[in-house]
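Shared chain: chain A. Partners: chain B in the first complex, chain C in the second.
Moving on to the complex of A and B:
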């Protein structure tokens, strides 16, 4: 199984070499083999006696993160979709993409995506699942932006990236919670511990996190906005990622975790409500689109909403209908995307207003589109699989238990959404293939597509018909296992075309009847879209958020990154002041211990007062020399203090260093600007003095506080005793400097040396003005 | 530098500079047992040389003391590091010092310590650094 997952990625390594011969043989021909083999490998698991298979390969055992692949009915459904439709899409892309395109890039991204998607549906380990999940986001980003010279492609790619990664990250948060609560990283082991999870107080939070991940990925309301913009991708990508596979990753996630959350009412409310709103909004908006792929994108959104809603219901019938519809949707939506691509390819436009009357020119495409759209609309014919799952959907909406208002509203909303589904399906079909021809408006002269391009949609449409005709042949050995993986209580019940004149059938008939009326009178009520949504659109919200984030972060950064060192200094000191003061206040650091203080002598007082006068006077000096000399008072005063406190070495050093620094100051005179009074507003002066005085006070208090808290005895006793014995010297300071702590001295003289070389470099090696 | 007639300054300088040099060498050697040491000794030496520069001007002093102060910095650092690394020869940790008492003719009983070598490194570095900085800054137009 692990080979199946990583085969596409491994093969992707060779694609750049293969694509060198693309002029002779289309790269896709080789790529096609991979998903086809994977598909054949997984087909063998279909059967009534299927049992889950597990395979583990160690990755990071110490963190309990292993490549733990688990193949149950649900995973099997998805891997077959991924590999099967993957193979068809590659086949289709061979005829769709011209050899002048960057085929190497395309197939590398596509194979990367295939591995990611297979990994998502097969992983049992939540963190591995997350890793593959993000890989799908990245590869989808690359594929949407495949024509990166188009501005719309880049916009769409960025949008989908931002939204899906936002969801992915919140999903990771949910996974971390789950792992902490259950102590395991395996999904199946979590399902076994469902009681612990349901008892957890974090349950709503986990649910929100995971649902955010699923809703963003599966383009649920209001995160659906990235999907229409993702239609800038090449059509094979749209068919593959944005109808059959990636957008179902969120569905898969919900299905995978619904054994855990099904017992929680919030799950029912959130998933059903969001799903049904997405269904209605998506189908309502699809009618408004003029771009073929735009219609299909909103159609995908609405169909995903329908599946999501069924998973939210969680009843046996609903779960079965959901997995059934996952399969059905993949077949008809994949084929419709391919037909949209064919129309685009053969006529040069996807704008439905310019298209029309292609029926006689492209009869095969029309036939295929007919089956696809009718199946999508759920028209009651026995050979359309969409009808069966829609019927099951209506059946599932009836008699729901749970929150009463929601349960009662759902059937009406479902019918409402389905009516619009019918309308846009008809609009898609008849808008393109019937009506007046506008051949002169089309960039190309339309004609039927080459046969190779038609193979894939033909196979998919055959799937539509065969599943429709022999629904039980598919359901019993295959889909039942998938449904049981979601809800273990699902029992098999036969899908029949005619099951009596009951409520679901009436709902279907209402949908068809009202749908026909609405479609025929479309021009009359189309104006509604000007009031709802009118200018309301979540795209605007997204653009607004992105723009404002950009704007505000720029302006916030500009307020503190002024480039003025004064501002930075006051920020640094102010922050230090506030944080330290608060910390000292909390830890009772201001408690002062008055014992153990030495007596104050007159000499000390005199020196300190001199220093203080010097320090304060420095502030008011307007002349360079005066300022330096007054600063000297402070320096010499400090060396006096060292003398008083019996530190001859330090006093000497301080004296000489002070002199030398004054000398250097004087030497630099010529280059220094004249001191001048800065005219500053009162507020700046006030805040500066507040920070200065506050910081001085703080340091004083810290000093006093440090003196008051004498926890351990000093090490100096040791130095005093051993200076002569071990170091051979009476000057303890010197012995410490060169012997006990010689390393410090070594690096200090290194610092001095570096400083000297830096001065040398700055002055001697400066470039003349004007030089580069 | 301008050249006023500063005979008094030069005469006193030649006297004081050598007093200063002597004092700085005293400080350096006294360091182990009395206030002083490589750092302060080096600074004092710098002071003495600077005094010479100030009264005699750059050209004269450069002729008199043809020392490349920049080279003193690596030499000093090398001495200090070599002193430290020397302790490896005796299989003791870096910068372990040792000392002993030796009898010399003329000086009598003298204490010699490897720490003194280290201090010499400090001394040379400090002289080199200070002279480099001051001369560079002074030389700048």
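Moving on to the complex of A and C:
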């Protein structure tokens, strides 16, 4: 199984090399083999006696993250969809994409996506599942932005990336919660511990996190907005990713986790409600679109909502219908996208207002579209699979248990959504193929597509018909296992065309009747879209959020990143001041101890006062020389203190350094502009003084407090005792500097050396004036 | 006496920081010098003031002042001297190149 998952990725390595020969043989011809072989490999598992298969390959065993693959009925359904439709899409793309395109890029992205998607549906380990999940987001991003010279493509790619990655990250949060609660990273092992999860107080949070992941990926309301913009991708991509596979990843996730959450009422409410709203909103909005792929995008949204709603119901009938519809939707939606691509390819436009009357020009495409749209609309014919799943859906909406208001509203909403589904299906079909011809408006003269391009939709439409005619042949050996993986209680009921004259059939008839009326009077009520959504479009919300986020983060950054040193200093010092003060206050850190202080003498007080006066005077000096001298007073005063406190070496050093400093000062000051009187607003002066005085006070307090707490005796006894014995010197300070702690001195010398070199460099290496 | 010295270093810090918050390069340099003075005094005070003779071993003396802070301060003085020298030359060159010593005008490119 692991080879099947990683085969596309491995093959992708060779694609750039193969694509060098694209002038002779289309790169897609080679790529086609991969999904086809994977499809054949997985087909062998179909059968009534299928049992789940498990495989493990070590990846990071110490973190319990291994490539655990688990193939059950549900995974098998998805794997077959991914590889089967993948093969058809590659086949279609061979004829769709011209050789002058960057085929290497296209197929690398597509194969990357295929691996990611196979990994998502086969992974049993939540973190591996997450890794593949994000790989689908990334490869989808690359594919949507395939024509990266188009502004709309880049916009759509970014939007889908932002939304799906947002959901993916929240899903990761849910997975982490689940892992912590259950102590395992395996989905199947989590299902075995349902009781622990359901008893957890974090259950609502976990549910929300995981649902966000599923809803964003599967384009559920209100996260559906990325899907219509993703239609900027090449049509094979739309057909593959945005109808059959990636958007079903969310569905898969819900289905996979529904054995865990099904017992929880919040799951029913959230998933059913969001699903049914998505169904209605998507089908309602689809009628408004003028772009063929736009119609199909909203149609996909609404159909996904329908599947999601059925998974939310969670009853046996509903789960079976959901699984059945996953298959059916993949067949007819894939074919419809391909037909939309053919029309685009042959006429040069996808705008339904410019199209019309193509029936006689493109008869094969029309036939295919007819089956596809009628199946999508759920028109009651025995050879259309869409009808069966729609009938099962209606059946499932009836008699639901759970929250009363929701359970009662669902059948009505289902009918409402289905009516609009019918309308947009007819609009799609008849808008393109019947009515007046506007051949002169079309960029190209339309004609039937080459046969190669038609193969894939023909196969898919054959699937529509065959599943319709022989529903049981597919369902019993294949879909039943999938349904049982979601809800182990599902038993097989034969899918029949004629159930007798019962409520679901009446609902279907209502849909068809009202749908026909609405379609025929479409122009009359079209104005309703100006009020709803009107300005309430969720695209506007998205654009607003993105724009405001940009704006606010810029303005926030601009308020404090002013480039002014003073602001940064104030921020740093102010923060230090506040944090330290608060911490001292909270921990009651201030202590004062009057014992063991040295006595105060007049000489010292005189020196201290002199230094203070000198320090304060530096603030008021507006003359260069005076400022230097006042600073010098402080320096010499400090060396006086060193003398008084029995520190001959530092007193000496300080005196020398101070003298040299003043000399350098005088040299530099000679060249520097004159000191100016400070012209600053009072508020600045006030805040400066506040910070300065506050900080000074804090230093004093911290110093006193530190001085008053004697926790350990000093290490100096050791130095005093051993200075002569070990160091051979009487001057303890010097022995420390060159013997006990000689390393400090070495690097202090280095600092001086570097400073000297830097000074030299600054003075010597000057740009010539005017030179660049 | 320790408390008085700590108050002195508080004053040195306060004036240093007020100088640091000014616009003119020179005042900022003066600020850094005052700051290092304040720090040295704190280090000295932490080793207790005046508990004995200078730390040069002599016969018959048992009480010496703490030599370790003195060694630390000595290192620190040299380093701050190096920094001050560099800063001064930097200020000199900055002013020479940009014809201003006002930090507000030395903010670089596009700050609107």
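Following the convention adopted for this analysis, the second predicted complex is superposed on the first by the 766 of 772 C-alpha atoms of A that agree within 3 Å, B and C clash if a C-alpha of one lies under 4 Å from a C-alpha of the other, contacts with A are read in each partner's own complex, and residues count from 1 in each chain.
Note that a residue touches a chain if its C-beta (ideal position, glycine included) is under 8 Å from a C-beta of that chain, and two chains touch if they have at least 3 such contacts.
Since the model is a prediction, treat every value here as computed from it, not as a measurement.
Novice: Figure out whether A:693 sits in contact with chain B (first) or chain C (second), or with both, or with neither.
Specialist: Touch partner of A:693: chain C, not chain B.
Novice: Looking at the overlay, what does A:645 touch: chain B (first), chain C (second), both, or neither?
Specialist: Second partner only.
Novice: Given the touch rule stated above, what does A:564 touch, chain B (first), chain C (second), both, or neither?
Specialist: A:564 contacts chain C only, not chain B.
Novice: Under the stated touch criterion, which partner chain does A:743 make contact with: chain B (first), chain C (second), both, or neither?
Specialist: Touch status of A:743: first partner only.
Novice: Looking at the overlay, what does A:24 touch: chain B (first), chain C (second), both, or neither?
Specialist: neither
Novice: For A:653, is the partner it touches chain B (first), chain C (second), both, or none of the two (neither)?
Specialist: So A:653 meets both chain B and chain C here.
Novice: What is the contact status of A:764 with respect to chain B (first) and chain C (second): first, second, both, or neither?
Specialist: A:764 contacts chain B only, not chain C.
Novice: Check whether chain B or chain C contacts more residues of chain A in the superposed model.
Specialist: After superposition, C is the partner touching more of chain A.
Novice: Kindly classify A:728 by the partners it touches after superposition: chain B alone (first), chain C alone (second), both, or neither?
Specialist: In the superposition, A:728 touches chain B alone.
Novice: Determine, under the contact definition given at the top, whether A:664 touches first (chain B), second (chain C), both, or neither.
Specialist: both
Novice: Need the overlap of the two footprints on chain A, from chain B and from chain C, as residue ranges.
Specialist: 648-649, 653, 657, 660, 664, 668, 671, 730-731, 733, 737, 745, 752, 755-756, 759, 763
Novice: Help me check something: in the complex, which residues belonging to chain A touch chain C?
Specialist: Per the stated touch rule, the residues are 558, 562-566, 569-570, 573, 596-601, 604-605, 608, 611-612, 615-616, 618-619, 624, 627, 631, 634-635, 638, 641-642, 644-650, 653-654, 657, 660-661, 664-665, 668-669, 671-673, 675-676, 678, 680, 688-689, 691-693, 695-697, 699-700, 703-704, 706-707, 714-716, 719-720, 723-724, 730-733, 736-737, 741, 744-745, 748, 751-752, 754-756, 758-759, 762-763, 766.
Novice: Please name which positions on chain C make contact with chain A in the complex.
Specialist: For this pair, the touching residues of chain C are 1-28, 30, 33-34, 37-38, 40-42, 44-58, 64-68, 70-71, 73-75, 77-79, 81-86, 88-93, 95-96, 100-101, 103-104, 107-108, 111-112.
Novice: What residues of chain A sit close enough to touch chain B in their complex?
Specialist: Within the complex, chain A contacts chain B at residues 648-649, 652-653, 656-657, 659-660, 663-664, 667-668, 671, 727-731, 733-735, 737-739, 742-743, 745-746, 749-750, 752-753, 755-757, 759-760, 763-764.
Novice: If we count contacts the way the header does, which residues on chain B are in touch with chain A in the complex?
Specialist: Listed in rising order, the residues of chain B that touch chain A are 27, 30-40, 43-44, 46-47, 50, 70, 73-74, 76-77, 80-81, 84, 94-95, 97, 99, 111, 113, 115, 118-119, 121-122, 125-126, 128-130, 132-134, 136-140.
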